[in-house]
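What follows is a pair of complexes built around subunit A, which joins subunit B in one and subunit C in the other.
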Partner chain A sequence: MKWKVLEKSKIPVLIEELTREYEVFAPVKKNSLVSFERVSSGNEIYLGFQNTKKPPKEVFFPQTEILFTYRVGKKGVEIEEHPAPRRKRVLLGVRSCDARSFVLLDKVFSSGEYKDLYYLEKRKNTTIVGLACNHPLSTCFCTSMGGSPFGKEGVDLLLQELNGKYLLEAVTERGMELIEKFPWLMDAEKGDIEKAKRLFEDAERAIRSKVSVEGVSEKLDRMFDDPMWDQIHQKCVGCAVCTYLCPTCCCFDILDEGTNEGKRVRIWDTCQSPLFTLEGSGHNPRPSGKERMRQRIMHKFDYVVKNFGEGFCVGCGRCIRECPVNLDIREIVKKISTWQV
Partner chain B sequence: MENLESSIRDIARKLLSDKKVDLIIGYEQGTLPLRTTPCFVDKVEDVQKLVWNASCDANLSKYLVDRKEKVGVVAKGCDARSIAVCIVEKQIPRENVVIIGVPCLGVIDRKKVEAKLGGKEVLESIVEGEQIRVKGEGFEFVLPKKDFLCDSCLTCRHRNPPIYDVFVGEKVPETPEVNEFAEVSDLESKSVEERWAHFKEELSKCIRCYACRNVCPLCYCKMCFVDQTMPAWFGKTNDLSDTMIYHIVRAFHVAGRCVDCGACSRACPMDINLRELVKKTEKIMKERYDYESGLSLEEVPPLGEFKMDDSQEFIK
Partner chain C sequence: MSNPYIPNLAVIRKIITENEVNDIKTFELVFQDPEAMKNFKYRCGQFAEISVFGAGECPIGIASSPTDEDCIQFTVKKVGVVTTALHNCEEGTVVGVRGPFGNGFPLERMEGRNVVIVGGGFAFTTLRSLIKFILHDANRDRFKDVMVVYGARNPGELIYKYDLEAWGKRDDISLNVTIDSAVPSWTGRVGFVPAVLKEVAPSSSNATAVVCGPPIMIRFTMPVLNELGFPHEDVFLSLEMRMKCGIGKCGRCNIGEKFVCKDGPVFAYKELQMMPKEY
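Then we have the complex of A and B:
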């Protein structure tokens, strides 16, 4: 039976039982911020948010990740590898937009000949428990980007909030396995399932922000030298807020920190930094904000469409809400889709 | 307020059509409630986009450095002061900028509004005199504006731009008696351990996005210490020690120059209180040199020169 219900009051029990077998990551509220952290009890978790400030990509792709440590000793360089942990994990409370971002990120980290084991091992060992969205924000536009507030892409088990309880829907075999670990869960009634369906329809209708990406990729192909880019970037200050808070942005830098003894780390990087394409010679093919903004838009809405078949935006709206100067990516996409090249 | 808005548009229109400036930098309506966004106008007909309201929070002087054109910029008191600092530091040629000075009674801190609403989203907001009306799904509240102003505005003593080429409207009353260092004194009274614990906790939220640095008009260095290699001064990961070095050193780099416009704290996506460390350096400047930055185009800043009668009590 793939449909169960969980009383809200029973969440701490569920989490407690989960922690016996899995490492559990869930949203935790600290002052004004809600973010995904490792939890050891159900009382720590907070599910009353619209969406977390930082996206859950950091559970698979941390901002700082040690790849290996090294020491230059008498016998030469000694390297100690730091493989990704193999422990089983549950990542709970992920909105459908963010769950879909994992499916997109998978394409980058497992494309072609080179598989990124740091990301993939964590991904393989994690069960995703999604949290459907009853009240999308005005900045949400997931439905324009191939998603939905009750979307199941990337989700193993979907929690749907009814009154005082959650409907649990197993989406994959892994989700089913998780449900079966809790035989005390009650079967859902037809009424619960119908209520959830109505909430889903309400949520989809509530999404007012619509962004058409039809033809944008083809249009961008012809716009590389267009004067539009001169205006669009002007107010951007070139920080990393949009890229770091974006669920699908995954550019990174690799550095060695420490001379005779140290570590090789991977850290988040941002195409909005002037250093991003600064070459050893001193030449920079993207010398100003104009080229860097053009790059961001073309990467998200053109290059990845060619590489992976779809745009790298899930419509979560974080970049819109958090940009210090209110640069709105929806405006840019709208401008492009109606632009006379 | 509406008069100020139409005055700003008139002034901008005249400056552009008289070719006194090539570009006007001001504010236009944002795409979200309680937000405006920087606006770059080079055509007379676009002057209509310019707005003036209590959400005009950005410090537009950020956009003045390294410009070849002549620019007219809308500037609040704090913005005009940071322009003055940049002029004195020879980053902006005085003759290249026309400062459109606007008296400001404070900008709204949308994070305070969001906190008050406990997570409910504002879908519409209207400022009605001294009140803010906020509407959302299933709610409508009227909030007293004075309780939702940015912290930097609560202790502002320069509501009228001290430096300007054109002054919009009438001067507003100042509040010179306000104690702008109450927060700092509070921190000073805590022990070293308490203070360190406080800063560690605040700064542990930092994701090294550099929004704070990038919105600051005084952070104009072509090669910022953050980005330097050979030598690299500190690490680029989000290790707490490296993160704290970044914030502490940046505080020292803006010490004696910061005008407390509050742009850094507003920009921070992780809601870190970034003003309080720098505010301490401002207090030292006031007490030691009786100095406030950005009020004069002639005075050499105390940290830019040495006078024979400067106190040297710290040299033992």
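Then we have the complex of A and C:
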């Protein structure tokens, strides 16, 4: 049966058992911050959060990742590949918006002639246990971006919080395999499933933010040189927190650390930095905040729509919550929708 | 499946100083693994990511021609961290090469046609690859008239002087080399590239034009090609943009939804006109 129930008190037991076979990544509370960390015992995890400050993209696309190591010696250069870890992983406690972001990131790293094995290997070896969202925040707008607080896209197994217990729903075969590893899980009763359905409806209703992206891509096509861009970037301070904390932002830099013995790493980078496109000659195609803001918006709501068929925003609201000057991407999208070109 | 981020190791066999100022050098590379040498199949106009270990990686257009089988060449101007580190390398140093990347020039489209090649300054590198390729015995018959207009600030800044000299002796290429302003030692043409192009006025009939150079040269060259009657789909330009991965993942070299690294660096002028002016 694809529906099971798990008493909340049994969570540590489940995690303990999981860690025997998998590397487990789950939300951990440190001081007041909840983030996804590798856990080794069931007592570490914390599921009482609304959403984490940093998205879980780090599990597949770390902030710093070694591509290979090199050693320059008298006899030449030696390179040692630093392949992605092969161990099976479970990433547990992912909100539906963030789970959907993986489906989008997959498109970037797997499309085209070249495959990004660092990302794809980790992705392939990871089972994702989602955590449905009973209490969306005022900045949440997943339902406007093709998601839902109980969304199953990108999720193998979905946890839905009921009173004192979790309802487990196997979404994929991989999720089914995972619950079958725990024969002590009890089958869900009809009442549990109905209760979850009611909670889902309540959660959807709780999302008051509505933004329509219909026609926005086509509109943006005609707005590249529009004076609107002169306005909307004005209060941005260029801190780039919106891109670092965005679950779908995945631009990176590649650099060497260490002179004769070192490592080539890739690190998160951001289109909001002037250095991002600064050329050796001194020329910069995106010299001011205007061009950089335009790039971020056009990329998320237009360019990727052309390249991958859908926008790269899951409506998690992190860029709104964390912006130091209260820029609100919902307002920007609304402005574009109603702008007279 | 191979990992596109791992470079192949290559030895710098020879370094040629190209200009008087000594900030442009050609590096002749040979892969350490003979298999890698054989597998490095490229087209004129493509580029590769060159690694100087400890300094990093940067994209450089391939300056040799696919007809040069025993080595690959890159002509590099010293401008940033990696290019400076490369300029500090001696012959025998081992560097890394990833690639070839990008689309390259549309050679198939150019076959059976006249070819007009317009270059300025140090951006002449991939055009040199193209000229070498077309002039090779195995290929020359496949193309009709070849005209080259190439300019630099002064005679000292002209690169590939050895090639220019050899091409100048041939009768199957019309070579027009120019410098920006007159100097006593120079007996050749004087004037900016667009003006010389206008003067030599290549016919646009059954012709393809390829243009590489600094933005200011491009800006004034396009109207000339237009006047000469070159349809915009028969004019090709090679673009530059800051790059890192070279394979369309790192996200920085886009112009609109196109990536210069994988959809370019060569674009038809017609295509460019439909793209945002952000390069």
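Of note:
One rule holds in what follows: the second predicted complex is superposed on the first by the 341 of 341 C-alpha atoms of A that agree within 3 Å, B and C clash if a C-alpha of one lies under 4 Å from a C-alpha of the other, contacts with A are read in each partner's own complex, and residues count from 1 in each chain.
Everything below uses one rule, namely that contacts are C-beta pairs under 8 Å (C-beta built on N, C-alpha and C of every residue); 3 or more make two chains touch, one makes a residue touch a chain.
Not measured: the values here are computed from a predicted model.
In the superposition on chain A, no contact is made by A:S9 with either subunit B or subunit C. In the superposition on chain A, contact of A:D253 is made with both subunit B and subunit C.
In the overlay built on the shared chain, the residue A:S138 is in contact with subunit B alone; subunit C does not reach it.
Using the contact criterion defined above for the overlaid structures, shared-chain residue A:S212 touches neither subunit B nor subunit C, since it reaches no partner. In the superposition on chain A, A:P285 makes contact with subunit C only, while subunit B stays out of contact range. Contact with subunit B, but none with subunit C, is seen for A:V265 once the two complexes are overlaid on the shared chain.
With both structures placed on the common chain, the touch criterion links A:K54 to subunit B but leaves subunit C unconnected. Residues 253, 255 of subunit A touch subunit B in one complex and subunit C in the other. Across the interface of their complex, subunit B is touched by residues 31-33, 48-50, 53-54, 63-64, 135, 137-139, 231, 234-235, 237-241, 244-245, 253, 255, 257, 265, 267, 270, 273-275, 320-322, 324-328, 330-331 of subunit A.
Contact residues of subunit B toward subunit A in the complex are 30-32, 35-40, 58, 62-63, 111, 114-115, 119, 121, 123, 137, 205, 207-211, 213-215, 227, 235-239, 263, 266-267, 269-271.
Put simply, subunit A touches subunit C in their complex at residues 67-68, 70, 72, 76-77, 79, 81, 83, 108-109, 111-118, 224-225, 250-256, 258-260, 262, 264, 266, 269, 271, 276-281, 283, 285-286, 291, 298-299, 302-304, 306-307. Touching subunit A in their complex are the following residues of subunit C: 1, 3-7, 9, 11, 32, 51, 53-58, 77, 79-80, 83, 94, 96, 215, 240-242, 244-245, 247-257, 262, 276-279.
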